[in-house]
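Structure in structure tokens, see below.
Per-chain residue numbering starts at 1, and chain names A, B, C and D are given in the order in which the chains are listed.
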Amino acid sequence: MEHILSILIFFPLLAGILGFVVDKNSAKAYGISVAAVEFLLSLWLWASFDTTNAGMQFGEFIPLISQFGISYNVGVDGISLFIVIMSALMTLLGIILLDESKIANMKNMIVSLLFLEMTMVGVFLSLDAIIFYLFWELSLVPMLYIIGAWGGPTRVYAAVKFFLYTFAGSLVMLVGLLTIAYLYHLEAGVWTFNLLDWYQLDLSVGLQFWLFLALFAGFAIKVPMFPFHTWLPHAHGQAPTIGSVILAAVLLKMGTYGFVRFSLPLFPDASVQMIPFILTLSVIMVIYTAMVAFAQKDMKQVIAYSSVSHMGIIMIGVFAMNAEGLGGSIFLMLSHGIVSGALFMLVGVIYERTGTKIMSEFGGLASIMPVYATVFGIMLMASVGLPLTIGFVGEFLVLLGFYEVSPLGTVLAGTTIIIGSIYMLTLFKRSFFGPVTNEKNRNLKDLNARELTALLPLVAIVVWLGVYPKPVLGPIDTSVKKLLVDMEYKARTPEAKETIISLQRAKEEK
Amino acid sequence: MIGISHYLILSGILFSIGFMGVLRRKNLLMLFFATEVMLNAVNIAFAAIGNYYGDLSGQMFAFFVIAVAASEVAVGLGLLIVLYKKYGSLDLDVIATMKG
Amino acid sequence: METLVYIALFAPFVGSLFAGLFFARSPKNIIVGIVNPALIFISFLASVALAFHVAEYGEVHIKMMDWISVGNLNIPFGFLVDEVSVTMMVVVTLVSTVVHIYSNGYMDHDKSFNRFFSYLSAFVFSMMILVMSDNFAGLFIGWEGVGVCSWLLIGFWYHKKDVTPDINPAISPSYAANEAFIMNRIADLGMLVGLFLIYWNVGSLQYDVVFEKLPHLADGLLVSIAIALFIGAMGKSAQFPLHTWLTDAMEGPTPVSALIHAATMVTAGVFLVIRANPLYSLDAVAGVSYFIAALGTFVAFYAASMALVNRDLKRIIAYSTLSQLGYMFAAAGLGAYWIALFHLAAHAFFKALLFLGAGNVMHAMDDELDLFKMGGLKKVMRGTYIYMGVASLALAGIPPLAGYFSKDAIIETAFNEGTYILWFSLVFTAGLTAFYSFRQVFLTFEGEERYKKYGFHPHEMYKYVLVAMSPLAILAVVAGWFQETFHEFIIAVLPDYEMSHHTHHNAWWLGLLVLAFAVSGIVIAYKKYAQKGENAFKQDAEVENGFLYKLLMNQYYVPYFYVEFIVKPYTVISEKFWAIDKAVVDGTVDMIAKVLYRTGDKTRTMQNGNLSSYLNWMGAGALLLILAAAVSAVMG
Amino acid sequence: MLEPVKISLEALNLATLMPMLIAVAGGLIILTIDLIKENLHKSLYVMLTVLIILIDMGATLGLNVNDRGFFDVMLVDGIAIVTQIIILVASALFIPLALTSKRFHEYSYPEFFALFLFMLAGLQFMVSSDNLILIFIGLETSSLALYTLIALHNRHNSFEAAVKYFTMGALAAGFFTMGSAILYGLSGSLELNQIADALQARMIEPGMLALVIGGASFLLAAFAFKLSLFPFHTWAPDVYEGASAPLAGYMSIVPKIAAFVVSMRIFEMFIKLNVEWVQTSILVMAVITMTLANIMALVQEDVKRMLAYSSISHAGFVMAAIAIATTKSNSAVFLYYGLFMFTNLGAFAMLWVSRHKHKVHHARFDHPYEKFAGMINIMPMGAVVMALFMLSLAGVPPFSVFWGKIYIMSSAVDVGMIWLAIVMGINSAISAYYYLKLIVYMFLKEPSTTITEETVYYNVSKPLMTVLGLTVFATVASIFFVDPLLEYITHMVQVSGY
């Protein structure tokens, strides 16, 4: 299958365009089938993926604007493979969870989702900076629509804020990308935005620093790092369930993925230099937002802030500069995607039943909706990083990896396992435990077949990858090691060489 | 002996007068006159400089400016008349419906 | 042997799934009540078989599969069955079996009967992982697993609502559950740090690799590792200052208290220290070890003191558990690992028995826990009285019961080490232990029948339950007799600890001293609480208003302190942060937008529609350009 | 005694004049037809005009690059050809917009089309000469025609707009002539290349720089007016509002690109003479223009007026490229406008489609935002198309304007003006707000009850749909033709020596 990546990217686009023709009442079925096909394709990609190969696979290269060095250039490696699969999966499950009776204009929703899926897959597969940027920006558009059209009372404010904030940051990033291209042009005499070519570029430390900052503007807002996170609670607070699910599961990962794909290999010295900075922000992110999450009255906001908090851990992992931390952080991206996606789905379920997300309206849900409570409990445990759930593996590896970089930082960030459980358990206690305080809730129905179909696969994955993460960790590990070797090779300053622990050096020491 | 600089100074003075007229006048007709003054000021300069260099193109430019000024007057007056019909005034303070 | 290991490990897991998946939504099902104890019993049998195997052929070490493998890190699911772990396995499965059977009776009328068994079996599974793992990460899995099961089980009656602390100090089961989980997490962070330190300096988390390389590490590093791991142990084993959750955990059903919060889970911390004995017996970490012993001694006394005045049937036993954990740590800290383990096992038996007995009382008294509302129950509950009496005697260290042998050994160790302050504290605490244990027993079973006043109609527990409890009772009596057998068995892996000649010489009077303390404790308790008629026990207002009484009753104000200085500030700061997030962090962003918008509104006034002003703008622009031109020409 | 002028026809190289002659002749033909038979339907004139534009285009494409002709006043270099092509394509897209389903006053006059063609000729003269006289004539011819075209819309606002534009234009003409006079006085020539040589020779003379800068400032003022740079932009919003929507769109492209070419010719001459001041002031003006126009666009209530401000902002964007003055930035100007053309014309055409004869939605405005509320429910295709235009204008890839944007930003980066690129980026972000505002209205708001498909699709017709289709296609598919376009433009710019 030569063109599987292009198919993965453009199949949803094509299906989305054709989707305009599909009848309203069949839109959901159409969406499910398309998303299912896409998911199967992504699984096929996994099946045909060479797990021993650390480099890019299934590459495709078509020059688009040859004079300016822009080309359609895609490829997949262990780092992006699973994020793509997760994107496809979350889209599929999200569509399954859609309630036809609650969503007006289902067709538009499906079409937007399919477009969104294209952009998500595109971001993770592109190897050309401009094409990456293209999908990156395009992803804002369907999300804007999803939040704005199906969201809560202040949805327009939230949607526009989401769009503009991210857009502003990414424009600064664009300047950075253009600068890199120019520097490459100076060095090599040709224009190119090919990331793999850029990796060869040897930049001075000062330049690296500024370029790092430029890209940081784009990525950090997307992650979203403190103090650029405030669009997220608004977006989550207003977005419909599906919007939150995709936003939390996939869109945020674009930011961290950007760091891994761009910042680290392009600016190894600056990355090392920036560790204290990133660490500071991340620790604030972890602790501060977790505390803010604790203060929330709205269930969904708790999950939203918890997302930010967990993204802080992912960020730390990215800058751990060793295979354990970096691999862990990529795994954590997946697990965070699955778990926070599932949690948003769960909040959506209760919101659909009762029309509220305020915790004080609930209480004692566990006795009314035991299955719901069980699934929620499992996801909660995954969220707080219980071993043998998917959440532990990544978190453990990240903290383990980062300990080598900064013990104190790790301890501070490690408080996530404490404060994370504080807000999560409080949420669970307030909503699920205690007597049934609200009489209206007494007749709530437990999860129905549709919801179970969407949620049970996630439960299965949470357990499966918690117990046996090897099939996923293996390819990630292979690619991450290569990345670190490249970084160490490229690094100029001795501090950077010192900090980046590639496998080679570890072997030498032994 | 009147030299080139005198012409140029005259031109400059005339241009400034026209310019001030444009800035200060509130009546559309007067405004048109002021622009004409400016253009004519430039004409003097062109003619003088052309003569100074012994080059014809300066005078050519002056002729073209005259021609353009003439057509401007034609178009301008046409517009002015329609405008007067609509607003009943040529005061610029009145003709100010579009703003913001 | 692999099969046996897997049977021992996975039988509880199967039970948990069986009850959880197939019967989760159905009402009480007796099949669950039979199958689950049976599976645990199978696990017990396998453990016993393994014990004999280990005794005969040495340890069994198997690797099931890889778990996490990234970079240089490689964590397998590996299991190590050696003398230490097999001891734990036997104790855990034995007590579990009894508790499972017992629960059939205790949870008889509960609508969540099946769910209870599912959780309980899951707990056993986690505990088995904890003790059987061959690496620290695996231990951590079990560590967290038991934490979650404990959370589930403490909060088992989640539907109860929150009340103020003066009605119920634990507020509600769900509150207590969260408290337990979160406090344990604090300690877990320490434990994680320990793991990280080990990994980055040793390169592995496997016990064998780690212990082999430990002596080559720097002293400071070793101390850090030891401290970090012990912080983990402090959480699980509820050592000061992370102890408050244990008493609140009594909100869970009594079988849970018996199994988790007395016999097994809380001893995990002790187990960890015993497991890591190659680390803690290093000279470099002698300070830490001594600290462990000191802290253990302190907790032993501290907890016992609170037990003296408490009126809550279960809380007293909880304090006593705390206190006994302190004894174990004292032993482990002093290097007598095998004695600690021995006490751990003996304690598991009699303490579980005590709890189950308390459960019987509760069952009889409609879940009433206040001792002052009981009294004279021996008439209706003879079996339970005997069980609890035996357990209390064992706890008090009266020969020839189990507690006498194990606890005495610990006290002797303290003497042997020359740490006389510890030694005396432990001796004194032994007296307190005897007092509060029998205060409880007498208040419950002897004296006036106060319960009548409150309209209770107590009745004895089901027969089969009493029968099921008998193994524990027997063990509480006889376990101590096998001290030497155990000693021989265990020193294959644990460092031997022999008393010096000097101690041997003094052993007889040391033993007598302890015994004297214990007996006098019992006697005082009898005098005060077991009388009838005139001398019958009455509440003494003067004592109860005394400072000491209040201090003890309020647990030295530690929970109060936590609420006032940690919980409340945390809540307040969180709210503040949220306000800041909205007003400052988000406000700045909105401010930028607003400023832009307002600038637009201001600027549009230049677009006033008046041609004259437009022309002026143009003229001004041109003049400005020319002016700038002039300036730049002059400058240039 | 003047020497008898002896010039062979070949030396005149009349081919260079062909495009303009065709346009003028076309205009005359239309007038003649009207003389012969009155009251012919507008569709005839529209199609005639389109035909003439196509022939014109043919002639333009047939020109030899870097050809001089007609007493050497015509200079057909690469940029002249590229500009003419852009102008003609825009014109060809513009004229069919006259074929609305509702009748609008101006299109019933054949003079409209004749004037339009004359304007075209004027613009073509303007761009294909480096003689200041010819530039002036071309500029004025086209402007005068344009004033009239605006006024022909025959509304209150149109007259006001025409008068404003006219008066300010007259002032600008004064500036232009004054600037030319100064340059003439300094160099004795009106040919830009000769001026450059003469100035180069005299640059070292004391006081020379001041005079050169003085002349440059007059010219800059004149072109800043034409390009609507701050503070000479004040006419633009009002004129765009007063003019009919298609004409407003047209004005945002065609006269501007013509003015850009001339600015390129004039100001880059100064920049190459190392008159740094010119570069600095252009940059300052460009930055202020794009920022201020953006900020003012934020607060607009009317879509058309918003688009007017947005056009100003885009002009500021491109003006910065002129200041950068590299081959890349100059190519970027054409790339930008070549792509911007489709999007902006399309956006204005969308307004035109929804235009009513009377102001039904608002006392003053034809296209208040409220009018588009909930459009996705009423006419989904229309909403999507408009949204695409808005996204493109905001610079969201892969739509057309994005490519122009990054090319300009990249050329800024290339000369080390990273700050400029960042300013451009931030401005794009600000501008996204008001483009989004329209999208928000169209997609996220509930339609007001009075709005139906009928009221929105009021003015639609097949030709309009065709034009829209073409512009949408060009906007969306730009990624596929940017490469050849860029190659062609760069080649043309390079051979012209810029």
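In the analysis below, a residue touches a chain if its C-beta (ideal position, glycine included) is under 8 Å from a C-beta of that chain, and two chains touch if they have at least 3 such contacts.
Please read all numbers here as calculations on a predicted model, not as lab measurements.
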Innermost chain, where centres are averages of C-alpha coordinates: A
Between A-C and B-D, the pair joined by more C-beta contacts: A-C
Inter-chain centre distance, chain B versus chain D - centres from mean C-alpha coordinates, in Å: 25
Interchain centroid distance [CA atoms averaged], chain A/chain C, Å: 36
Distance between chain centroids, defined by C-alpha means - chain A, chain B (Å): 65
Cα-centroid distance, chain A relative to chain D, in whole angstrom: 43
Residue numbers of chain C (touch at least two other chains): 593, 604, 607, 609, 611, 615, 619
Chain B, residues touching no fewer than two other chains: 19, 22, 28, 31, 95-100
Per-residue multi-chain contacts in chain D, two or more chains: 163, 167, 171, 237-238, 299, 433
Chain-chain contacts as defined at top: A-C, A-D, B-C, B-D, C-D
For the chain B and chain C complex, residues of the former touching the latter: 19, 22-23, 25-26, 28, 31, 92-93, 95-100
Residues on chain D engaged by chain C in the complex (per definition of touch): 163-164, 167-168, 171-172, 175, 207, 209-210, 213-214, 216-218, 220-221, 224-225, 230-232, 234-235, 237-238, 276-277, 280-281, 292, 295-299, 430, 433
Chain B-facing residues of chain D, complex: 132-133, 136-137, 140, 144, 147-148, 151, 156-157, 159-163, 166-167, 170-171, 173-174, 177-178, 180-181, 184-185, 188-190, 237-238, 241-242, 299-301, 305, 364
Chain A-facing residues of chain C, complex: 24-25, 65-73, 137, 140-141, 143-145, 148, 151, 155, 158-162, 172, 174-175, 177-178, 181-182, 185-186, 188-189, 192-193, 195-197, 199-200, 203, 570-571, 573-575, 577-578, 581, 585-586, 588-589, 593
Residue ranges of chain C in contact with chain B within the complex: 604, 607-612, 615-616, 619
